[in-house]
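There are two complexes below, and they share chain A, which is joined by chain B in the first and by chain C in the second.
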Partner chain A sequence: MFRSQQLALKYFAAAVTLFGIMVIAGLLSATYYLQDGFLLNKLDFSVAKMLHIDTMIIWLLMGFIGAVYWFLPIELERETEGIKLAELMFWIFCVAVAVVAAVFIFVQYGPATQTTLWLINQGRKYVEAPRWAAIGVVLVVLVFMYNVVVTAVKAKRITGIMAVLMVDLVPLFALYLIAFPAITNMSEDLYWWWWLVHLWVEATWEILIGCIMALALMQLLGTSRRIVETWLYIEVALVLGTGILGLGHHYFWIGTPSYWLAIGGFFSALEPLPLLGMVVHAVYDAGTHRMKTTNKPAFYWMMAEAFGNFLGAGVFGFMMTLPQINLFTHGTQWTVSHGHFAFWGAYACGVLAVIYLALQKSRNLLQVQGTAWKWSFALLNIGMVGMVGALLVSGIAQAFYERAMGGSTLQAFMEAQRNPWFVQGMVMRLVFGFVFAAGYAVLVYDLLTLGKRRLAEKALGARVMGGPA
Partner chain B sequence: MYAADPAFWRAGAISSTAVMLVVLGLLTVDSLATIRAGGTNVPAYTVINQQIGYEFDAEAHRYRPVIGAEQPLFGRAVNAEEAEALIRKGKLLIQSRNCINCHTFFGNGAYYAPDLTKAWLDPAWQQMWIPMTQATTREEAIVAFLMHPEKYPTWSRQMPNLNLTEEEAKALVAYLKWMSAVETNGFPIHFGHIQTNR
Partner chain C sequence: MTPSELLATSLLLGLFVLLAGCYGVLYCLGRLGHSVTMLRSSYIAYCLQALAAVVIAASTPLELWWKILVVASCVVYLPIPPVTWRYLESLHEPKEQHS
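For the complex of A and B:
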């Protein structure tokens, strides 16, 4: 195994650990809605919610980086250049994440000065990490870019997938720089912030996971390079062709000109198209191979990725995105429902597929078997769909009672929060959150014991048969 | 057949991306001019010296901010420089206290606490907080609440005490007043014009 792939396994271990912290912070965040005064002035909702969101971003990013370090030597048939530096950056990344989490939990906030933004919290959603840590993220991404580009150049092998990946790393790096400024004017601040959030999540990340899925498909099903590269180009054309101006659906209400209502609405309506294309691609490939594979968990997670991306990001996104509807749904639990489904379908399932692929190779398994993965797959997906449905019920109640009827005042907000439909949705969200957490626990068990468990079973079988222990 | 050739789709990917980036660049230039403080949609920071309302505009068919007569904050008009310093402090406060992870601004943020886009205009300050805090003005009532939210519990869900100084609380009030004057294409719809106790 290449050192690059050993590094990938470390990234996957860190990613799955952060996934767990995200789940705990999520359960905690859900509890605040049901118990008034929960941890008030000790660990307020804002801290738990920030941990939930930020660990999600970081575990997915670590999953992507790990996936690229895993596939790079396979694609380029050589060790990754600058691997020592990459290994060092991994540990710096982990220490930085731990320090930031500790500061979030124990310090929480500071006075209204620039020093607070540098050392404690930047207070901007998704990019709360203080500036010193944000500089660390920039360094990690720079080294990652160096690894990918220099390895490809030295290998003299720029495949279609590599070309798309390398170009995609430029906005991945450049857009993150928007994490730094503290613009006074909220309209301008949010204008650029959406470049970071939307053009990362709905464009750059989509292309990155597209590249990773292309590499994974070749390994998992032996799909031809010509087919996956053609699909990748189609995806890039459609994702960026619709997604760049789809940015407009975030510019409806932040002070921007009203032409964004039409532009954002129109291009957002087209955004599900590439995601539908991915479903067609996945079903076509699965059919071609008659669902036969040596790694069923990877295959199922990849299918979940295609369908989840289309339903969660595409359909659930479209459902609330037209301005006539968004006027009422914007900033309610409806958005939370879409957000959960979209991140899960578009990215989390894909990262889990790659982790299963990597473990099969690293543990030399001819076939990935067992029932644990089926339980975790079922519990995680049922838990997620349950949470999404429950949040949608709460979101619809909020859109009606707070936005449409109440006019979004403080009083209207609180009345909607006490509405029985809203509360029932919140209760069910927590219930399905526990189902999801159970799925996570089984997933960790499966990932830790995959392959090893089979050996233990074999050894047990041998003892029963009277053979050597 | 062209469609079977990856090069065909590669050309499509490059050209569609390039066209969309150019269009986004042009729209960004126009949008930034509109949303600068003092632009068409976003008022200058000195708007905090004036009365602000939110009324239905039959022609535009949506609610819009209405800037009225002089109404200085805390009884003292500020010049452009002072107003900018105050608003800058307010934004730093919003970031340093992580407000956006409970509240929303223009509907963006977290959904555990009310949207603050038009919070300055909320009728509850007049109806509930002024009597509770025994303040004489809306801004004084908001400052009293922000500094000691535990003293003025209103609903079962409470705001934590984030140890705001008086200077910070005043800066935040200025920020909320300025933000309520931003033209947001009618969001949130009919804010403050409907009573929910039905």
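For the complex of A and C:
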């Protein structure tokens, strides 16, 4: 195995660990809605929510980076250039994440000074990590870029996937720089901030996961390069064509000119179209291979990605993206519902698919077997669908009672929070959150013991038969 | 927009895209299994999607521009599954000939 792939496994381990912290922080965040004063002044809702969202971003990012380090030597048939530096950056990344998480939990916030900004919290939603850590993220991504580009150049092998990947790494790095400026005008600040949030998520990450899925499909199903590259180009064109200006749906209510209502609504309405094409592709692949593969978990997670992306981003997104509807739905649990489903479908499922692929190779498994993955797959997906369904009910109650009926007053907000539909939605969200957490626990068990359980069973069988253990 | 209209409109918009998904999946299953019933079901799903578009256009308080967009996108959804399918088949053809 290449050192780059060993590094990838470390990234996957870190990603799955952070996935767990995200789940715990999510369960905590859900509990605040049901129990007044829960952990008040010890670990406030804002801190738990921050941990939940930031760990989500970081675990997916680590999953992507790990996936690229895994496939890079296979694609370029050589070790990754600067691998020592990459390994060093991995440990720096892990230490930085641990320190930031500890600061978030134990220090939480500070006075509005430069010291707070540099050492405790930048105060910008989703990119709260203090400035020193944000610089660390920039360095990690820079080293990652260096690894990919220099390896490809030295290998003298710029495949279609590699070309798309290398071009995509530039905005992946450049857009993160928007995390730094401290703009005091709220509209102006949000205008640029959405470039980071939206264009990372609905442009650069989409392309990145597209490249990763292309490489994964070649490994999993033996799909030809011509097919995956052609499809990747189409996906890039369609996703960027609709996704970049789809940014406008975040500009509806932040003080930007009203033409963004038309631009944002129009391009957002087009976003489900390429997703339908992806669903067709997924069903085609599943059908032509008759669901036969040596790695069913990876295959099922890939299928889940196509369908989850369509449902979460496409269906749930289109319900609330037109400005006339969005006026009532933005910032409610309805948005939260869409966000959960879309991230799960578009990214999390893809990362899990690649982790299963990597484990199959690293543990020399001819076939990935067992029932644990089926349980984790079912529990995680049922948990997620249950959560987004419950959040949708709560969100609709908010939009209906607080916004449309109550006119968005503080009193209407408070009444909507006490509305039985809202409360029951929140209860069910927590219940399904536990289902999801159970799925995560089974997933960890499966990933840790994959390929080892059979060996252990064989050894046990041999002992029972009186043979050597 | 009244609260009821908000609810009805947003659910119709969600249903509109969901039916597009049903159309796509049923179409693929029909082509995979050479099943006329599935293919017919897919077209029924598309007809329901078109019906949802008509209801959105006729009975919701969305502005005319958005109604036109929904109806136009409904037309665009129609060729996506067959065109994608044919394209995928043509991409896979040379590989199958080799094997």
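We take it that the second predicted complex is superposed on the first by the 469 of 469 C-alpha atoms of A that agree within 3 Å, B and C clash if a C-alpha of one lies under 4 Å from a C-alpha of the other, contacts with A are read in each partner's own complex, and residues count from 1 in each chain.
One rule holds for everything that comes next: a residue touches a chain if its C-beta (ideal position, glycine included) is under 8 Å from a C-beta of that chain, and two chains touch if they have at least 3 such contacts.
Only a predicted model underlies this, so the values are computations on that prediction, with no experimental measurement involved.
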Discussion item. Both complexes share chain A, so when I overlay them there, do chain B and chain C fit or clash?
Written reply: fit
Worksheet item: What is the contact status of A:M319 with respect to chain B (first) and chain C (second): first, second, both, or neither?
Response: second
Practice prompt. Report for A:L273: first if it touches chain B alone, second if chain C alone, otherwise both or neither.
Written response: second
Discussion item. Under the stated touch criterion, which partner chain does A:L247 make contact with: chain B (first), chain C (second), both, or neither?
Written reply: first
Worksheet item: Between chain B and chain C, which makes contact with more of the residues in chain A?
Response: B
Worksheet item: Who does A:P257 touch here: chain B (first), chain C (second), both, or neither?
Response: first
Discussion item. Per the contact definition in the header, classify A:H330: touching chain B only (first), chain C only (second), both, or neither.
Written reply: first
Worksheet, complete the sentence: Reported in degrees to the nearest 10, the CA-centre angle with chain A in the middle and chain B, chain C at the ends is 90
Worksheet item: For A:L40, is the partner it touches chain B (first), chain C (second), both, or none of the two (neither)?
Response: first
Practice prompt. Classify the contacts of A:V393 with the two partner chains as first (chain B alone), second (chain C alone), both, or neither.
Written response: neither
Worksheet item: In the superposed arrangement, which partner chain does A:L18 touch: chain B (first), chain C (second), both, or neither?
Response: neither
Worksheet item: Which partner does A:R226 reach: the first (chain B), the second (chain C), both, or neither?
Response: both
Worksheet item: How far apart, in Å, are the nearest Cα atoms of chain B and chain C after the overlay?
Response: 6
Worksheet item: Taking the contacts chain A makes with chain B in one complex and with chain C in the other, which residues are shared?
Response: 226, 230, 328, 401, 404-405
Worksheet, complete the sentence: Per the touch rule above, chain A residues touching chain B in the complex are 32-33, 36-37, 40-41, 44-47, 49-50, 108-114, 116-117, 120-125, 128, 160, 182-191, 226, 229-230, 233-234, 236-238, 240-241, 244-245, 247, 250-261, 263, 323, 327-328, 330-333, 335-336, 398, 401, 403-415, 417-418
Discussion item. Show me the residue ranges of chain C that touch chain A in the complex, using the header's touch definition.
Written reply: 1-3, 6-7, 9-11, 13-14, 16-18, 20-21, 24-25, 27-29, 32-33, 61-63, 65-66, 69-70, 73, 76-77, 80-81, 84-85, 88, 91-92, 94-95
Item to complete: Note which residues of chain A are touching chain C in the complex, please.
Response: 224, 226-227, 230-231, 262, 265-266, 269-270, 272-273, 276-277, 279-281, 283-284, 287-288, 310-311, 314-316, 318-320, 322, 324-325, 328-329, 396, 399-401, 404-405
Discussion item. With touch defined as at the start, can you tell me which chain B residues reach chain A in the complex?
Written reply: 4, 6, 9-10, 12-13, 16-17, 20-21, 23-24, 27-28, 30-32, 34-37, 40-42, 84, 87-89, 91-102, 104-115, 117-119, 122-124, 150, 154-158, 160-162, 165, 168, 171, 179, 182-194, 196-197
